[in-house]
Amino acid sequence: METLAWILLDTMLVTALLALGWGSLASKDLRRGVVLFIGFGLLLALVWVRLRAPDIALAEAAIGAGLTGALMLSALRDEPGTSSEAAGDASVRSTPVSASLLLTLLSAGLAIVLGAAFICALDRTDPASLAEEVFANLGVSGVSNPVTGVLLNFRAYDTLLELAVLTAAVLGILSLGPARSGYQASGPMLSGLTGWLVPVILVVSGYLLWVGAKAPGGAFQAGALLAAAGVLLRLAGHPSGGLPRELALRGLMVVGVAVFLIIGLTLMLVGRGFLDYPVAWAGSLILAIESAATLGIAATLIVAFLCGDPGQRPENHETADSGVPLAKCENNRRNTPR
Amino acid sequence: MPGKTMNEFLSAALIVSGLAFFIAGGVGLLRLPDVYSRLHALTKADNLGLGLLVFGLLLSTDDAFVAVKLVLIWVLVLASSAASTYLIAQRARRRERGVWKP
Amino acid sequence: MTSFLLLSTIVLGVSLGLGLVRVFKGPSIEDRMMSVQLLGTSGVGMLLLSAPLLDISSNVDVALVLALLAAVSVAALTVRERVAGQDHE
Amino acid sequence: MITQQLIFGLAGVALFSLGLRMAFSPRALLRRILAINIAGAGLFLLLVSVAYRGREMAPDPVPHALVLTGIVVAFSATSLALALGRRLGGHREDD
């Protein structure tokens, strides 16, 4: 009976997830698609919890609810032809039926291959799997949360490179020019809410960073949550979402990678391997790296939301620097391209 | 222990009444005729539904820290729901969404 | 107790499903957005119940993050873009 | 094999192929970025389903770590794509 109830619950979750995913891609109205996508992210967080992955659920909750939704909604204002309510994919060209059929067959074929690989992976019950290795060596990793152990000890090299990828992507965004024009100072309701919500977010973010050593949490979750505070500030009218300008911003963006590298290289200098922590020091070193990474991730994610360099746009809005991209956007809306 | 069963019973009763408000909120959101009345239905789930659920769970939790987090979650949802329903209603007014007339 | 929690989670899932229908039906973007709010609140409820149900106490933290950021999407939808020369700062 | 793994994993496969198909269709840029995100979410779901080892047992932490960083990197890639698209939209006026 209880097994059936679980299957019922799982089926409900999956059905809702698939419906939202399908709806967000199939609907004519792009706005509708974006709102459905926000719901999709929410459902995904529930699914992660259901699959016993609270670490991922925390990151999904912070990014899905706090960052992606806001990013998509502000990007919606850039898309040509979406200023009216019912606008959709204004720039749709028609594809030949044969090409679209071929694409469908191709995606279906890939799905079958992927599904077969998945079933094979489930059938293999390997006793000496990586999971057992992780649990066996967790004692010397300096942390007791296995996911943090994998991220910052066993596979710390990967995580360093991932942070570098993050920084590289955001350097690309920075080099594309000034940030979006920002938002009007909000009314009393939103600014009041932001005023006391942001400090609470800072505290919870610090808590997630600290608790990551022994329970779900860590740099990625804390950083994403911290970035959401910046998004909230930005929406309430703060021009740069709480970020500093110029050199301080650059420093903040690379601090995670920098501290990671410095610790790794110092360990090499004292005769150990790259990022091969001494057992007694592992916990503190991981906390130091995670603290720096939290700041770095938060700064890069806020820049990603701003969609450009907050420093390049002068405080004075009447200069051409900020006026031109906006005017171009306006033009775009008027004449539907193609 | 009669105290424990009493506690469990009360906890279950609070959770069930919370669920009733959730369902009422959902049905209201589906059945009511215009944006503004649907907003009103939504707040039942946010404020009362989640509140009763939180208090039901409070009775069955031993950890004081978890209890603080539960109450904090309810307070946060209350504040967010107040602000966001206000913002949504304001936007609907600005766009002159129709008001239902019987 | 487990089956009671499981049943309650399913009931919350039904509430989430009701909200889902309104997300699809709309008609206005405000309707959709407020229904996403209901999805969020039902989701927070499900997460709170899942902590004792799956015996993972940090699920409460996930609910906490969702509750903290519940208003962000609504804010992003309703704020107005700053236009050059029309500033309040 | 666990039923839950099958339910969620196959849903992941479905989302992946749906997202992939839509990403190649000639539609608004934002829509295609949504599609890529949904395809990515499908893959994440597949990985986490493989990691799942029943309701009572702790899951495999290695795919969890992969997906965790994947989510953050996917967000930054999405925003880079949107920033490029925004720039592209601005330049279309010039030619």
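Assorted remarks:
By written order: A, B, C and D. Residues from 1 in each chain.
Just so we're on the same page, contacts are C-beta pairs under 8 Å (C-beta built on N, C-alpha and C of every residue); 3 or more make two chains touch, one makes a residue touch a chain.
Please read all numbers here as calculations on a predicted model, not as lab measurements.
For chain pairs B-C and A-B, the one joined by more C-beta pairs in contact is B-C.
If each chain is reduced to the centroid of its CA atoms, chain B and chain D end up 31 Å from each other. Between the Cα centres of chain A and chain D there is a gap of 11 Å. Inter-chain centre distance (chain A to chain B, centres taken as mean C-alpha positions): 28 Å. Listed for chain A are residues 6, 50, 52, 190, 193, 197, 200, each touching two or more other chains.
Counting partner chains per residue, chain D has residues 55 touching two or more of them. Among the residues of chain C, those touching two or more other chains are numbered 16-17, 28, 33, 54, 57, 61, 64, 68, 70-71, 75, 77-78. Contacting chain pairs in the structure are A-B, A-C, A-D, B-C.
Across the complex, chain A meets chain D through its residues 6-7, 10-11, 14, 17-18, 21-22, 24-25, 30, 33-34, 37, 40, 44, 47-48, 50-53, 55-56, 59-60, 63, 67-68, 71-72, 75-76, 78-80, 88-95, 100, 103-104, 107-108, 110-111, 114-115, 118, 121-123, 129-131, 134-135, 146-147, 149-151, 155, 158-159, 162, 165-166, 169-170, 172-173, 176-177, 180, 220, 223-224, 297, 300-301, 304-305, 307-308, 325, 328-329, 331-332, 337. Put simply, chain C touches chain B in their complex at residues 1, 4, 8, 11-12, 14-19, 21-22, 28, 30-31, 33-35, 37-38, 41-42, 44-45, 48-49, 51-52, 57, 60-61, 63-64, 67-68, 70-71, 74-75, 77-78.
The residues of chain A lying in touch with chain B in their complex are 187, 189-190, 192-193, 196-197, 200. Contacts from chain B toward chain A in the complex involve residues 72, 76, 79-80, 83, 86-87, 90. Chain A makes touch with chain C in their complex at residues 1-2, 5-6, 8-9, 12-13, 16, 19-20, 23, 31-32, 35-36, 38-39, 42-43, 45-46, 49-50, 52, 54, 57-58, 61-62, 65-66, 69-70, 73-74, 77, 85, 181-186, 190, 193, 197, 200-201, 204, 208, 211, 215-217, 221, 225, 228, 231-232, 235-237, 317-318, 322-323, 326.
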